[in-house]
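Provided herewith is a single structure, encoded as structure tokens, for subsequent inquiry.
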């Protein structure tokens, strides 16, 4: 396909928003919206805030802006548009994250050294690619290309979330306690007691089903046999985790996986990430704890969902509580069973009803307590915090790594990581679904990660939590 | 229970081998045999060979001798014998491997610094504990204690295997190429072409069944649903792996898991562990390769099973071959389906028929090519080399960590490791069974680890291997 | 002393430049000039360029701006001005470099995480402190305070140099090859042959003499006995170092100190820092070399002084050349012996005549070839590149660490570092003198460091260089 | 030269001890004595004790036995004896320490992996080389060869000392507290108060003088000018160091060099190496301290010389005491000025008179308190503990690295290390002299290293120590 970049015709055509253009117009609109939201995340951040990398796992906001643009340039424009002229050929290496198939990559741990190109140049790069993409989408694309664009948008939503987690890490390292979004301290609210929902043993289908977008790793849909299990009706709270801490949670090796215990000792973990204690307060006290948030340092609220724990901490807490983490299949079965209370007239909106929760869409970027009028069934499945499962991230039966560079998207990470489910308060609502598989190393804590308990069918002595 | 250590009465009683003593005698005999075999592994090794630790993952032979003894002392004698007097109280810390519940441990990475106690003292410690154990077993023990003794014997068999893998690593680092057991160079033999055995989709029971000994992690027995799969009738050979290497296997990131590729680059892996190349030979040549073995440096035999590869290498090879590794459930289903050709008259011997293969019992300590008269069904399931599966080592549904120190035996290692199945040429035949789950980190190469291919049901383009 | 910050009176008084105010006015003028030059170094750099830290040894420009301000705040204003109100109390920790006596320090390796305070805020902090300082100096200060202010100005000049070396390192890591100051490629010029100037054995006085400013480590003035030595009349050039490289310099352990050879191997050094080679060119070729400069990537000029080598490389080159590095005493004796060609009418200007050379004052920030009309005596002593000496940085006889925080300025670094002499093209001319002792670890290369040869009196076979 | 190894003739010739054979016989006798003493150091150590390496800086006893033999083989036999047949050609690499000129080296940090060759084989290797050497020396050698043999003997004496320091480190890591030589606990004795001996300013000659053996780094003899200085009449004691500790010595950064303070924090230093405290005792208490020695764990004796401190600790102590360490020139001037009380009739014995002190010859391997009848002048100059000086280890003026492999002996280590003087209780008396320069990295503590104070001429406030 050839696009005349000098012509504005297609842009005008696009702006007429002719419903006859069907899916292409809808995709273009969605493209515009997702891309705008990414840029909007800069908010009041300075150029300085956008360039620094606070650890090898995190990337600067500017890099995220550029890399998401590189994705469309590399996998759509360069592949599909014959007369495409790149904004800057050097970006092909600078902003390639990990696609060996595409070519060389600037080292991940050095992303924070890229004071050039400037934030302004990267913004111009975004604009340039957006212009080409608008024209391409207006001209109409094949279903295959459409699929890559759709993938690019979900890829960008993933980076929107990373922008926030990486920013939170950066700001947390600054003794000045910078505030990204305003947010008042809130008082404690009553959390309903944790209850268990039981699912009898059965052969279930899990994995993605239907025509909507999903990542390759969510399929193929397949059968798993699950023994009877119970799953908690809400997330574990800060208050409950403080009980674990007060009971010596961080100093009892019997509660921990061996690798987790090694982490506790080597990194001197004593509390979840971003928790800080007044020096005056005793270590096991429920008092005197603060939490760094994207609204600055705030008093710890016991009623809020526990957040920023590693898999190891989640697992140790579950052991202490006489329970365990759910498997990802259990979680998906439970999440898929939550009834949709109202019929939808369009496929696009159907999921939105189900996904009640707190998402990045709220602009709060912090998990909230479960509401008092919580459904009798399961609450907090989507949004708030990602829920660690006991499932290592591996391929589903029958999974084949897609051919080409896109094959590097998910498949090559299928070792040493654990699956998290449900999304968080920094995920976009439209990005999530019950089959969504997120994955991180078990020692990672800078994501908005918490947990929900599960247990086997046998009645378990759980005096501590009841 | 009280035992008079000065009296030799029970020893005599034991030596009468009175069948009326039933299981207790049998356990005592087995105790004697297993313990003797451990000591026998010293062979012609010098005291110097027995004290050195060649890397943090490995332990000196002397430490293995002492630690296996500590196991019986700690979990049997100290717990059960009221008048037990320890050989040396310092050993409680020195030879505790990783049991936090029991107490402090001498650091794992420093085991090679223990020139004292001497090998002679450790041997005396073994003898002392053995004397007490003989008396205890002769006096008769409860089923609970019997179970711990049985566990201790399987524990000791695991360490017998580690003695050999750790020793191989130590000797391999020595430019003098020491020989542990004599072994002649052997010529190539024809390997039958790899074939596939297909299993239709079904709900299977896996996990240990029956009264025989098994580790806690082999249960509970539970159901898994498996889609139709095929599994290779034999192991991958050195010759096949050389083809992978000749095709650029170690320099093509597209074949590797991301963490595996990082290993390849950081550690400059270019071949399996213990392979060495004549400098004159080209790197992709099938010629000029040697292999360090427990019989010294020998020419690489193409017909032998591939050995000493990491999970990453096994996975990359499978990707290159257009196949995949089997899951542990697939492996177990396949291994359990191999017909037993002759009926047994005793429970103890039944398994022996099935476990045809090369084990430590042969004293060869090196895998052998599949025999020409290979069964039409599956070959090499047991012995020769441990087979990497695609399954992370996690708890089976319903698994509960046992209470007390024994709970640390297996449960706390259920993260970041991969399951291997089938045993190797350095495992004891009597130690293995179809439900046995071995586990190592995916980058480990010093175990006798190889692979068998599997694939999904769809006909796969596998020109390279056919 | 109390200063009314609301009043502008003293500022006006200062601007009258009344010669009757004597030294205080002169110091104020110097204060203004030095402080302005620091700010001016920002040039066309973006905010992003000013916040990033490219390695633990380097600091961001913004941090340098703040730390030099902190110095005056901490050691002058807080100590001397009763009504001083700090701009922000958090800065006391954030911008303390290494003064344990003053209090806690933000970790050196994390300086690049400080996106806040913003560059704008740091500039305002500078302005605020400058206002207070202007008033204080206008009000007149005691000789003791004057001495601390003078120290602060020389401290600031040191940081001016570090701003440039740290910036060069940052920009060199960016594949876009950013340009800080414009600078054209220049052609080769003829370098006069290296000659030797001989100094007979004698007892010399070295160390600072006179009333002018000097650091504590330049004294006490003391006697050293020097055997007869010869010192080269000019610096070693890039061309000469290429000969060393072509002769296998980086692959011959016999030329290197043991610690230096370990560096060569561990860090894979093959050329001076910032040198790059066209991949097409052979490694030993004189062709195809480029050099990253503050004017971007340029062809290597053989006639220019060698720069950005470690002590180890300087020492290895000297060994290869059959010579050695001068001791700092030899260098100082030589530098002090260069005749001043014109009489001065004031003590302050006297040194300027002698310090012919290329300094930061030129704004070129790159060393230049020795001029054809080079004096028959010693050339390039000051400016261009710091000259590694063979002298470890230790206290002079009779040196006592000053009391208080200022005692941490120099004394505590007197181990493991080597002395460099003479200043470089990024030093201010007014900052240098013959007794000036700079010091860096022997593996440091990001400073503008080169070398001059020396030799003992015996005629040395030096065919290679002659 | 050719030696017939089958003939025993020369051996017999040698045994006649014919004085007519002159120097060769004398050298042979000394060869025999030094080599025997090395072997004798094995004492009651097991083979296991002799093979293990406890840290990269240390080497196993067996390695020392082999390397010192390799020295004679490589630099004498292979170079001089035409028909020399090596015991095992593999040893050329295995036991080369760091001579790049000679060839490849087995990695230093892996020396502890060499369980083969066995201790028995290494002893046979020693015997074999000794036989050849006996024959060579009996046959008579040129002065040049004689010099190399002499160097080899002093080299061996250095390794005798390292055998003991490395062994002490190994045994100290063993919780069983092994004893190498018996040694009773001793009671405290009165230590005479520290006094100062003053030397007026002067131009001195230092460096080796005369015909006796010395290392290349002790020359050339040259002049140094020294300002007036005072030096302490005895070593610093454990008791004095405990005062430093009680005064917060390890927690006051103002007392430390910056690199030293970093060591204190990173390595959590709280006391000299090998000191241990009863947990019951308070940290600043003089009570409750023990010290690991080659005779096992013993109560700390306050009267003994402080030992096993790093340069950083020595320097910090001196700062705390209001004094400083002597320079090596000051030490040598002082040590050379001690009068020889009796005339010698032979060059060989002359030094012995001067070298009163405790040496390895005593077989005690532990420093002793200064005796009550201490000379009014300087005590403890030789033996007991090596004395850290403030002098970095660099070349003397006019020093040239010798040609060939021997040039690697000392010259290439002339960076980053500090000079120690005087020898220790594990040095051989015949190995020491006033001009001897030992050198170690400033953080090294496993040598028998202590300190003696010095100060500038001004009367210093030294209330703490007086």
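In order of appearance the chains are A, B, C and D, and numbering begins at 1 in each one.
Basically, a residue touches a chain if its C-beta (ideal position, glycine included) is under 8 Å from a C-beta of that chain, and two chains touch if they have at least 3 such contacts.
Worth saying up front: this structure is predicted, and the values here are computed from it rather than measured.
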{"item": "Path length in steps (a step moves to a chain that is touched) from chain B to chain C", "value": "2"}
{"item": "Chain whose average C-alpha position is farthest from chain B's own", "value": "C"}
{"item": "Where chain C and chain D are represented by their mean Cα positions, the distance between them in whole Å", "value": "40"}
{"item": "Distance from chain C to chain A - Cα centre to Cα centre, in angstrom", "value": "48"}
{"item": "Of all residues in chain A, the ones touching two or more other chains", "value": "none"}
{"item": "Chain-to-chain touches, reported pairwise for every pair that qualifies", "value": "A-B, A-C, B-D, C-D"}
{"item": "Chain C partner contacts - residues on chain D that touch it in the complex", "value": "98, 100-101, 203, 222-227, 253-254, 256-261, 311-312, 315, 319, 327, 390-392, 394-395, 397-398, 400-401, 407-408, 412-416, 442, 456"}
{"item": "Interfacial residue positions of chain D with respect to chain B in the complex", "value": "46-52, 54, 62, 90, 93-94, 106, 110, 112-119, 170, 173-176, 178"}
